[in-house]
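Step one of this worksheet: look at the structure below.
Labels for the chains are A, B, C, D and E, by order of writing; each one numbers its residues from 1.
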């Protein structure tokens, strides 16, 4: 038989000014199952809490209702008091008679009646509360960082420096990401590689970091603190333990005319190659689609010239299984080409390039050694047009969001161009100049004022070639929307930043959600910007949305901080207010019928299939099982389950039903 | 095979040759085009600037009549009529109260089950596959396919071809053996409704079009809109004055071009009706060639 | 005879509407006393059977409220709820259950004013409709009396 | 009591029914609505369906309704106040126009509810019930009363049995004191007659087996596989039990609204899986075949042993109602020849 | 019919299946479900226009659960039921051989799930004109009339659960009405208990019902239960473009959502 204690708080006068607290206490004392009822000026004060603790002991209470403020305010306080009195902390319920009653109504019988009803409802609920124990989950203190761009590098180094093991997986043969392709960085114009490469080397040398390049995620199972990850290490055809990075193979490879990915097709590389000179690790990879030996079965020159005998033509992909406790997603972004904008002629005319290609042209290590020369004939362009928002902020044809980084890098391009081609003129078509950020606006002003970039506010309608010139037709909305035609030598399109190739597939492997543009979704746009909806998986950098370098680095450090917090304890404690599927002794096993229609409604993929087997190992039933490590307690599955086989602690069917019944049938 | 047909005013007046050529090729490939009984003006160019309900009701009545006549697909060669029809259908299907209101006005119930096709859609769906077996002559000319503003816009409503770089006519012309050039003005404005009221604007806009086509060596401009045609053809004197040089590049409806290739008598196609004389000769017998054209996907994002 | 005071039950999610109702309190915005709030973790948890249960238990009106689309604390609970409500409403409409008495709304944690508004308008609308006699009679005729 | 023989013509019968209703008695008779014949309250003879061989449901609900309040209660702070149903206030009910098999069904029900332990509510209802049955002129493929000691003109369970002898007249057999009371109160409506041989006016129905043979056979076949075979297509619904005039299983349900509540008795069926399900999860009748076997054993073995009567009256309603053609007569015949 | 029998015989003779689920002649000129385990027994197998009971129901019963493999004579309703059961993880493709029969009674041979999906799409759906008329009639009623209509329509219900027992989609081991802690649905067959029961059942079948009409056919008191499901199926198809019984890989409407679901009814 339940023995419930009811504690009515006056909250100074916050409640008692409008609600007759002694009367409520008096009425509550007569509710079936109530063994003790009282009111007090400040229930949350020390004497108030002692009152609760003592009453529990004295009256042998089995549950308490604290009728005071919102549970969002003091539920933890009174759960603690409840535990102090010797009860399970979850035998406590809050009846919200302040925010939901005394503060929103005038003094009177109706208000008193409402307070009484709220208390009755919670009394009926708490009678049906279960004693719950916090859920403990062990934590494997190793982090997996997916993606070796600047965000991944930062996250890995921070976590490693906090003393935890890190496994980094990079899809390309070298870490470095897009940042290693950039010439200079805004707004300081310091050399991108100069600041990045030392950090890349640090990653390689940090004893806490295990680096897998040319590798991809095969599968991810498990849950926070306990992920099992399979990594596919693609065959490089080179034994990494033997290779000393001398470069003989790449120099001697006769098959040198292959489009260089790192140079975005503006240069060539051999079939066995290191993507760029500062690559980490400095170990070459054979491109099997291009290599003469793989194509024709003849050549093997690299093998002959390799002194440490590191070439392995028969090497196969390797699957590595690792156990990790947390995952940092840092897979970065890609740029959208503009072939969906046929009127901009990208791909049709050689001298229309994208922003990343311009970075390579401007880079001292690029195909032109840093001279701005146009791809078609190597001439130095005297008139150059930059088109911002070439795809961004264009719901009709491109993508609706702002790619964020283009305003700044376009200004940077204009400045770099002017520094390299002194008699050249840069034109920039733009919608708005978005230069919010430390020293950002100053930077764009500098492009306009010092480097004479001519900003034209308007969109480009068409670019076509005529008599060797690129005619850029646009409108100048600040000049009465007049049509502007510029005969340019070269055009640079600031194409949209989009989700990386394979982002969707990866998200599905990790069970993290992603938006309609395939960018990974954060758990909360404001308060959980680096968490995903899947506990233990975090995200940093441009895989979330287009971000510049400082933002990516900040997010990465945020992720590292989150992971360090997670790893601070060897066990993870979680609120036990989660859903469970009915379990019974055989032959029933469960009332679950295994239809798994609950599976698609779970936002956390917490619902798994459990096979019930008999002693001989034969499958008897398939039942839903809710992984307590993953369930966040929304209860959507509870409402979806037709046989009422799922229930959720804290909001059980019995409790909710009793609440409704108690509210109305007074 | 029977399809509905809405001629509209242009095809009965200034652009008779368009009508004639559509009918001629339809007949040749065995399609019967049935005019909507008791059709009325679509209200193009003027109505939607004056009265919203009127601008919706005029086309809606035609559409309802077509439905009543049991038609399921309707060919509308005039690009302006076509634009109004599709826009009205789109608006009514996405706004229930408005749909009800318009039905009340026209005193008929338009259900929205009609598919509306412009000439290039019609060609793309019903004609293009029949070309190989019926074509007699190769259209061995360098041509500039000119789409104008209405034919493939707005994409959200039409969901057909690429708005800024449409290809359907180019593909048809290539199939007929023509060299369809890449040029800059295929979707630029010709001046359209200003043909009469503001000729200077037409001269400038159409002038640029004719100039670029000539500059790139085109021997004919191919169109599919009566207004484009009249601006580029009828206003040639003004155009030449604007460009400061004389041009003799003829402007031909795509249906006429197909008709020529099908071997239909040029008179039957109305080629003699143009202001700029059409002196296309020396068509070689047609030999089927595999041409390298990839049909453009509708790449626009909705 | 005193004016009819409708009984209104509100099924709300913990993260948005419950917090929104807290804000109404914190802002001291007054509203009708007729409403009783039942807290759920998420609108996705709200079983449609509880709605008929509420009517059967004597409610004259029901408010079901949660986070705006895309704001769900659990990402998608409100989307599932929205669909469930659509189907349930359709069924109710077909079976003659008075859906004018069920108000579905999105009230965020910042919409204290909106919450007061929803409650007040619901109370007034239900007051106009009168007690939900037909369902009360159905549910009690064989049990009470 | 010795049977009294009388005649009554149809207009007198109409008057009789009128007198019943005028005197405050509730008359229930087969009424056809939307093509289905069921027992329903009638005011005049015109309301009554005389043609249908058997109503879909039996007349048992007159004494054993599908749902019935047996008590109500009120919870207080520390007690529960129970209010019993006042069964003295039940109205007088006339069952009219039911078939002899329906009337026969009241006998096994009486044995269940008012045997060793007396169910006062049931008893009160039965006592207030007078059964005026009409013999069967027709039978259909489902009828098998003659195989279970019944017949189209059987008087068992009836207070009065009417047999249509001419287009305008019924031969009346007054069987019980209750029947005689009606006669006595309405002597003007009845005419005297000698006993009449009813056979020419009754449906012909061949006997297919005897229930005694079934009873005997059941002694040795509890573990037979025949139950599996017969129950294979049973879908496990409760239609057979619910339409059966002799099935008396019920379920007790408390329904509470706040402090107040009622205890209901509602029909239940041994065909349901949860009928015997234990809280532990164990179910002594786990398989549908076991439940089917229970149904047959209860009617043809347990009831004869405990109550000295059989629990089947051969009305065939269960077979008619079965969605998958579980025909009890066919199955019993199968058992009889084992 | 002979081709169906031939197929059934061969499957049993070649040991490809242990059991064939079909129809035989019953009593009183009825047809009824039957289970054939030997090629000889198949002589009794029939298929005609009266074989409309949805025998997919038996796939969840012991006899079929215990058979290692089985075949079933499947008209379009049965095929749709099988696909939906598969979508709900209740039956595995490797266990079942579907002998497809068109709505006109023509045997189309064995169907694997892929073929069954194609088959299912080509077969007409079950809605009869009188059902449609009844739905329209009810929709035209006022709120009070609708309520009274249904209270009255459900009042003869005796809670024999024949609707549930004969529905292939009602396979829950423990039905909602059997949950008694709390007692969601009143068990008693009074008007309120009947209303809540049928409402709950309609909701549970929304988006899952394949509209075979079996609930209506099996109801001993002839309640037009099927039109509740028909009406909701129509709604679900129209609103969510979702239809049950067309694919073995399918998430029913109420287990999914789209961002653009209507919310004009939400304040």
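Following the convention adopted for this analysis, contacts are C-beta pairs under 8 Å (C-beta built on N, C-alpha and C of every residue); 3 or more make two chains touch, one makes a residue touch a chain.
Predicted model only: the values in this text are computed from it and were never measured.
The set of chains in contact with subunit B as well as subunit C comprises A. Chain centres were defined as the mean of their Cα atoms; on that basis the chain farthest from subunit B turns out to be D. Between the chain pairs C-E and C-D, more C-beta pairs are in contact across C-E.
Chain centres here are Cα averages; for subunit A and subunit D they lie 70 Å apart.
Here the CA centre of subunit A is 44 Å from the CA centre of subunit E.
Mean C-alpha position of subunit A lies 50 Å from that of subunit B.
Each chain gets one centre point, the mean of its Cα atoms, and the points for subunit A and subunit C are 35 Å apart. In subunit C, the positions touching at least two other chains are 48, 53, 57, 76, 80, 84, 139-140, 142-143.
Under the contact definition stated at the top, the residues of subunit D that touch 2 or more other chains are 67, 255-258, 260, 264. Multi-chain contact residues of subunit E (touching two or more other chains) are listed as 184, 188, 190, 193, 254, 256.
Pairs of chains that satisfy the touch definition comprise A-B, A-C, A-D, A-E, C-D, C-E, D-E. Touching subunit E in their complex are the following residues of subunit A: 588, 591-601, 622, 640, 642-645, 653-654, 657-658. Against subunit E, in their complex, subunit C makes its touches with residues 48-49, 52-53, 56, 69-70, 76, 79-80, 82-91, 94-98, 103-106, 118, 134, 138-143. Residue ranges on subunit C touching subunit D, taken from their complex, read 57, 139-140, 142-144.
Residues of subunit A touching subunit D in their complex: 30-32, 584-588, 661-662, 664-666. Touching subunit E in their complex are the following residues of subunit D: 34, 36, 38, 56-57, 66-67, 140-142, 232-233, 235-239, 241-243, 251, 253, 255, 264, 266-267, 269, 272, 274, 287-288, 319, 321, 323-325, 327, 329-330.
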